[in-house]
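The same subunit A turns up in both complexes below, where it pairs with subunit B and then with subunit C.
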Partner chain A sequence: MKRARNVAIVVLAAVFAISLLANFFAPAPYAMQFRDFISSPASRRFWLGTDELGRDRWSRLLYGTRISLLLAPAAALLSTTMAVLIGGVAGYLGGWWDRVVLRVIDIFLSIPWLFLFLIVRALLPLNTSPLTSVIVTFTVMGLLGWASPARIIRAGAQSLRGSDLVLHARACGCPGTRLLLVHIVPNLKPVVFAQFWISIPTFILGEASLGLIGLGVAEPLPSWGNLLRELANPRAVMSNPWILAPLVVLVVVVSCFQLLLPQKEFAS
Partner chain B sequence: MWIGRIGRHLAVFVLTTVIAGLLGATLMRFGPGFEADEQQLDPRLDAQSIQALRDSHSQERNLLSFYGHFLGRLASGDLGFSRSLARPVRELLSERAKVTLQLMGAGLAGGWILGLALALPAAIFRARLFDVASTAISSLFLCVPTAVLALLLFSTNGPVRFAIALLIFPKVFRYARNLLADAYTQPHVLAARARGLSGARIFFCHVMPSAAPQLLALAGVSLGVAFGATIPIEVLCDFPGIGQLAWKAALARDLPVLVSLTIVVAALTQLTNSASDLAIAACRRGRQ
Partner chain C sequence: MRRMLIAFTIATTSLLAQWGGELRFCLHSDPKTFNPLMVEDEASETIRYLTGGVLIRVNRQSQELEPELATSWKISRRGQSITFQLRQGVVFSDGTPFSADDVAYTMHALMDPSLHSTTGDAFRSASGTVETQVLAADRVAIVFPAPVAGLERLFDQVPILSARSPKKEAAVLGPFVLAKYSPGMEVLLERNSYYWKTDASGRRLPYLDAIRLDIQQNRDIELMRFSRGELHLINNIDAESFSRLAQQAPSQAYDAGPSLESEMMWFNQNPNAPLPEYEKAWFRSKNFRRAVSSAINRADLCRVIYFGHAQPAAGPISPANRFWFRAQLKPHAYDPKEALAGLRQDGFHLKDGTLRDREGHPVEFSLITNSGNKARERMGAMVQQDLAAIGIKMNLVTLDFRSLIERISQNFRYEACLLGLTNYDLDPNSQMNVWLSSASNHQWYPNQPKPATTWEAEVDRLMEAQASTVVREKRKEYFDRVQEIASDEAPFIYLVNKNSLSAVSPKLQNVSPAMIRPQTYWNADSLVLGPAQLARNAR
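This part shows the complex of A and B:
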C-alpha cells in the first residue's frame, strides 16, 4: 500500500507540474483553430489529434487539466473552511445553535448536490464569459459542498468539547475564543484535512458531470468536463480512441487522490 | 415509544418540506424575471389591460402574502405552472416520474445485488486475491463520472440503466465488506463458530442482524445518490424523466418547476431517511 501511495504522489506531482507548465508543453494555444486539420487523427504534429473545430487536443488537455486541478482544491478549500466555521462552531457551542445547524445540514443533504447546483446555476446568467463560468462553477460547488464535511467536523468538535483537555483549559479560565482557536480547531486538523482531501475528487467528478451536460466551464476554455463531451459521439470515439485521453487522465488523477486518502477515511 | 418516534419523524418531515418550500418560494420571489410577464409585451393589449395584469400580480409583491399563497397552493397539491413548457408542474411530474423511478429502481437493485454479491465472499472467505481484485474494480468505478459510464454504455448499445448500478455498487461493496468483516470478528460470532454452528446460520442469525442497521442507513442514502445520478444520465441519453425536466427548467430558468422539484425531492428524501431510521430502530429492537 505504501508503494502505491508513493506512486500516486509521483503521478499527481507530475500531472500537476505538466499542467502548470502548460504554456511550455502545449504546442498551441487552447483556442487556436487549425482549419485545415479538422477532426484529424493523432499525428506527430497533433499528438491526440484535433477536435471538430480543429483545435489541438493535447494542448486543450494540458490547459483543461490545469483548470480542473487548480480549481477543484480551491473549491474544496472553500467548502472545508465553511464546514469548519459552521460545523466546528455548532459542535463547540452546542444548544439551540447546534440544533439549528444540524437541521440546515439535514435540509442541504436531503437535496442531491447536482440538483442543488442546477437550481443555483439557473439563478445566475447562463451566457457568461468563459472566465466567469470557471469562477462561478467552482465557487458554487465550493459553497454547496459544505454540508457533508460540516456534519463530521461538528461531531469532532462536539466530542472535543467534552474532552479532558478542554475541560482543563476551561477550568484554568481560558476564554471561549481562545478555547476554540487554540484547543479545538488545531485538534480537528486530521478530520478537517481528511474532509478537504475527500472533497477534491468529488469536485473534480462534479465538474466533469456538469461539463458533460453543458453547465460547467464555458467554451472555448477547456476543462475535463467539456473535454469529455466529445465522448457523446461514439463514431468519433471508435475512429479516434485518443478522444478517451481526458477520461484516462481524470481516472488516473482521481484514483491517485483516492489512494492518498487518510487510511481511516478510506476504510470507512 | 413507537408513536413518539413516528410522530417525531413526521414533524421533521413536515418541517423540512415547509422550509424547503419557503426556500423555494424565496428563490422564486427574488429570482431574475419574477415580475416579468410575457403577456405584457403583447401589442394587442391596451394600457388598461396591462394595468389589470399588473394588478393581478400585485398581491405577489407583498412577501408575506406571497409566502401564504405559495404554501396554501402547495398544501392543496397545486405545484404551479411551468413557464417554459406551458403545462401544470404536477402533470409534468406525474408523467415523468415513471421513467425516473424505473431508471433508479433498476440502478439501485443492480448496484445492491452486485455490491453485496462481491462483498459477501470478500468478507466470508477472505481470499486475498478476490478481495484485491474486487476492491480494484470498485475503486475504478468510483473514479469515473456516472455520466461518462452512461455515455459509454449508450454508445455501445449497452444497458444505460446499469450506469446507476455502477455508481452504487462500489459504495455498497466497500461499506458492506467492511461492516461484514467487522461483524465476523465480534466475540459472539467467534463463540458461535467455536460451538460448531453452520456458516449459513452464523451469517443469518449473528452477522446480518448486527450489520443490518448500517446497511439500511446506506440504503436510505443511496436513494439520494441515485436521484443525483439520473440528471446527467437522462440528459445525455435522452430519457424523458424528472432529471431531464430539472435540466431543461434550469436552462429555461423555469423557477416554478425547479421550486416544485426541490420540494418534492426534499420531501421524498426525508421520507426515505425517516423510513430507514424507523427500520433501523425496528432492527435494533428485534435484536434486544
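This part shows the complex of A and C:
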C-alpha cells in the first residue's frame, strides 16, 4: 500500500510539475490555430493530434491541466471547509441548531442553482479576461458545493458526539471548544478528506457543463472541462481515440488523490 | 438542361410510381399552432406547408411563381389590387367545395387586426382596410389601400381556409391532412384523398399515404436514427454532421449550394450605449469596420468551420436568392496589411504588437454570441486569432440566448455581436425591419428617431422607394444600391453564406433538394417511397 501511495505521489508531482512548466513543455501556444491541420490525427508533430480549429491537443492538455489542477482543488477546499464548519458544528451541537442546519441543507440542495450562474454571467463585465471568468466560476461552484458534504460530515460529527471517546473526554472535564477541535474534528478527517477528493472531479465536470451556458472556461483558454466536451461525440472517440487523453489524465489524477487518502483512519 | 433532367426524372418516376408508404422525418419542436394564419415557428410552418393549399406557390427550385389554386392572376398597374382566376372542381379535405368565397373569408380572417398575424402583416402597406370583391364563383379581386411590392409572392404563405366547413382550419386544400398530434411525440399527416393535383398519367396525388413527423430536439439522435434507416430525410443538417455523412454514405448527402442563411457580426453604434466614448468612435468609423472585415479570413471560416460547405459572404442577399442577389459585389478580401493601412488613416497605430487609437487606448473589445452553437463559438475563436494578427484583442463571450437578446435589443451593454440571419422570404421587403433606420432590427443602432448618418438616410429612401414601386426591375435597381452601400459601409460584417445541406434516404424518390426552405420536401405531393420501403411498411 505504501508503494502505491509513493507511486501516486510521484505521478501527481510529475503531472503538477509538467503542467506548471507548460510554457516549457508545450510545443505550441494553446490558442495557436494550425488551420491547415484541422482535426489531424496523432503524429510526431502533434502528439495528440489537433482539435477542430487545428490547435495542438497536447499543448492544450498541458495548459488545461494547470487550470483544472489548481482551481478544482481550490473550489473543493472552499466547499469542504464550509461543509466542516456548518455540518461539523451542527452535528456536534445537535438540538435546534442541528434541525435548522438540516432544513437549510435540504432547501439548498433542492434549489436549481443554474440561474445563479446565469445571473453571475450577466453581471460580469463582458471584457472580463478568460482567467478571471474561470476563477469566478470555480469560486461560485465552491460556494454552492458545501451542502452535500455538510450533510455527511454532520452525520459523522453526530455519531462521534455520542461515542465513548467523547463521553470519556467530557467526563474528564474537557471544555466544549477543545472537545470539538481536539477530539471531534481530527476524527472526522477521513470523511472530510473523502469529501474533498470526491468534490474535485465533480467540479471539473461541473465546469465542463457550465461551458454550455457560456460560464465555463472562455475561449481560447483550455481546461479539462472544455477538453472533455470533445468526448460528447462518440463517433469522434471511436475514430480518434487520442482525444480520450484528458479523460485518462483526469482518471489518473483522481485515482492518485484517492490513494493518498489516509486509509488507516478510514478503516477505524 | 438540369431542369429538363429533373422534369424527366419526375415524369418517369411518376409513371413507375406506386401509392403508399409512410414518410418519416423530424420536427425539432412541437408546433406552436395549427392555425395556418398564425404560424411563426418552423414546426408549424412545416405543417402549414404540407397541409395548406395556396393560390400561388413559389417553386423552390426555379424560384418562379407557379399557379396552384389560382390558374392565373393579374395585378393592377398601380400594384394596389390583384385579381385571381380560380381553379374549378377543387374541394377541401372534408368534401366542401372551394370557391371565391373561401378566398374572401381567408383574406378577411388574415387581415383582422385582432388576430395579430405576422403573415397578414406582410400585406399591410398602409393604414386602411383590405377589401375582397367576389366577382364570380371562380373569380376574386383583392384591393389594398396602397401598392404592395412583390404582392403575388406573398400568397405563397397564405393557405386558403374554408368559409363553410364545420371543421374550420382542419379542412385543407393541401396534399396532406392532420390526422393525429401527440404532444412531445409526433404529428401524423395522412393523405388528402380530395387533393386536386394529378400526375402526368392522371393519377391523383400525393403518392405517399402518410407523413409521420417525430418531435425530436436532439440533432445527434436525429442523425443516428437517419443512419439506422428509421428516418427518410433530414431537411437541414449542420456542416459537421453532413461532412461525416458524406464520408460514410455519399449518396445520401445533398449539398444544394448556398442557402438563405448567413452569419455576420456587427459593432454597437448606439450613441446611448453604456460604452466609453472612444470605443463608440471606433465603432462609428467606417475605416475601423472595413479594417476588421478585411482582417477576417472568410475562406478559412468556410473551410474549417463548414468543411467547405459555405461561401464567403458579400452582402445582405445570398447567391441563393437568384433575382435579388447583386453578383457584382464581392466579399471583402482578406488582407491584414490593407486592414492596418485603413486603420492608420484613422490614427490607429501598432505599439508592441497592440493596436492603439490616436489617444493611446489599446483596441480591445468583446464579441458576444449565443452559447451552445458550436459553429458560432468556433467562428468566434477564429475571428479572435485573425484580429490578434492586427493587434486587436477580442474577448469571446458566449451568453444564453435570452441574455444576448436583452443586451442587443434592450440595454445595449455590448460591443460587438456575432449571430446568424435566416431569410425565409426572397423579397427584400421582408428586410424592411432591418434596413430602415427606424426599425427595431436595425441592429447596430435600432429605433433611430432620425437617420444618424447620411448613408442610412439614403438607405431609408431607397428601401421606401423599392417598396412603393411595382416594376420588379426598378425595385432591383433600388435594392442593388442598398446592397452596395451595405457592403461599402459594413454596418454588418457578413462572414459566410451557409450551404443548404440535407440528408435523404435512397428509398425516397423524386427528391430534388433546393436552396430554400423546405429544401427536401417542397414537392411532397410527388415524393415516392421505393418498393423496398413499401414492403417494409406493409410488414
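Heads up, the rule we're going with is that the second predicted complex is superposed on the first by the 163 of 268 C-alpha atoms of A that agree within 3 Å, B and C clash if a C-alpha of one lies under 4 Å from a C-alpha of the other, contacts with A are read in each partner's own complex, and residues count from 1 in each chain.
Convention: a contact is a pair of C-beta atoms (placed from the backbone, for glycine too) under 8 Å apart; a residue touches a chain by one contact, two chains touch by 3 or more.
The shown structure was predicted, so the numbers you read here are calculated from the model rather than taken from an experiment.
K.L.:
Who does A:219 touch here: subunit B (first), subunit C (second), both, or neither?
P.N.:
A:219 contacts subunit C only, not subunit B.
K.L.:
For subunit A, which side has the bigger count of touched residues, subunit B or subunit C?
P.N.:
More residues of subunit A are touched by B.
K.L.:
Determine, under the contact definition given at the top, whether A:118 touches first (subunit B), second (subunit C), both, or neither.
P.N.:
So A:118 meets both subunit B and subunit C here.
K.L.:
Does the superposition put A:129 against subunit B (first), subunit C (second), both, or neither?
P.N.:
Only subunit C; A:129 stays clear of subunit B.
K.L.:
Once the structures are superposed on A, label A:53 by its partner contacts, choosing first (subunit B), second (subunit C), both or neither.
P.N.:
second
K.L.:
For subunit A, which residues lie in the overlap of the subunit B contacts and the subunit C contacts?
P.N.:
Residues 118, 121-122, 126, 212-213, which sit in both footprints.
K.L.:
Which residues of subunit C touch subunit A in their complex?
P.N.:
That would be residues 220, 240, 244, 300, 303-304, 364-366, 368, 371-372, 377-378, 380-382, 384-385, 395-400, 403, 413-415 of subunit C.
K.L.:
Within their complex, state which residues of subunit B touch subunit A.
P.N.:
It is residues 12, 15-16, 19-20, 23, 27, 31-32, 139-140, 142-148, 151-152, 154-156, 178, 224-225, 227-229, 231-232, 235-236, 246-247, 249-251, 253-255, 258, 261-262, 265-266, 269-270, 273 of subunit B that touch subunit A.
K.L.:
Mind listing the subunit A positions that touch subunit C in their complex?
P.N.:
Touch residues, subunit A against subunit C: 31-33, 35, 38, 52-54, 118, 121-122, 126-130, 211-214, 218-220, 233, 235.
K.L.:
Would you tell me which residues of subunit A are touching subunit B in their complex?
P.N.:
103, 106-107, 109-115, 118-119, 121-123, 126, 201, 205, 208-209, 212-213, 215, 228, 231-232, 234, 237, 247, 250-251, 254-255, 258, 267-268
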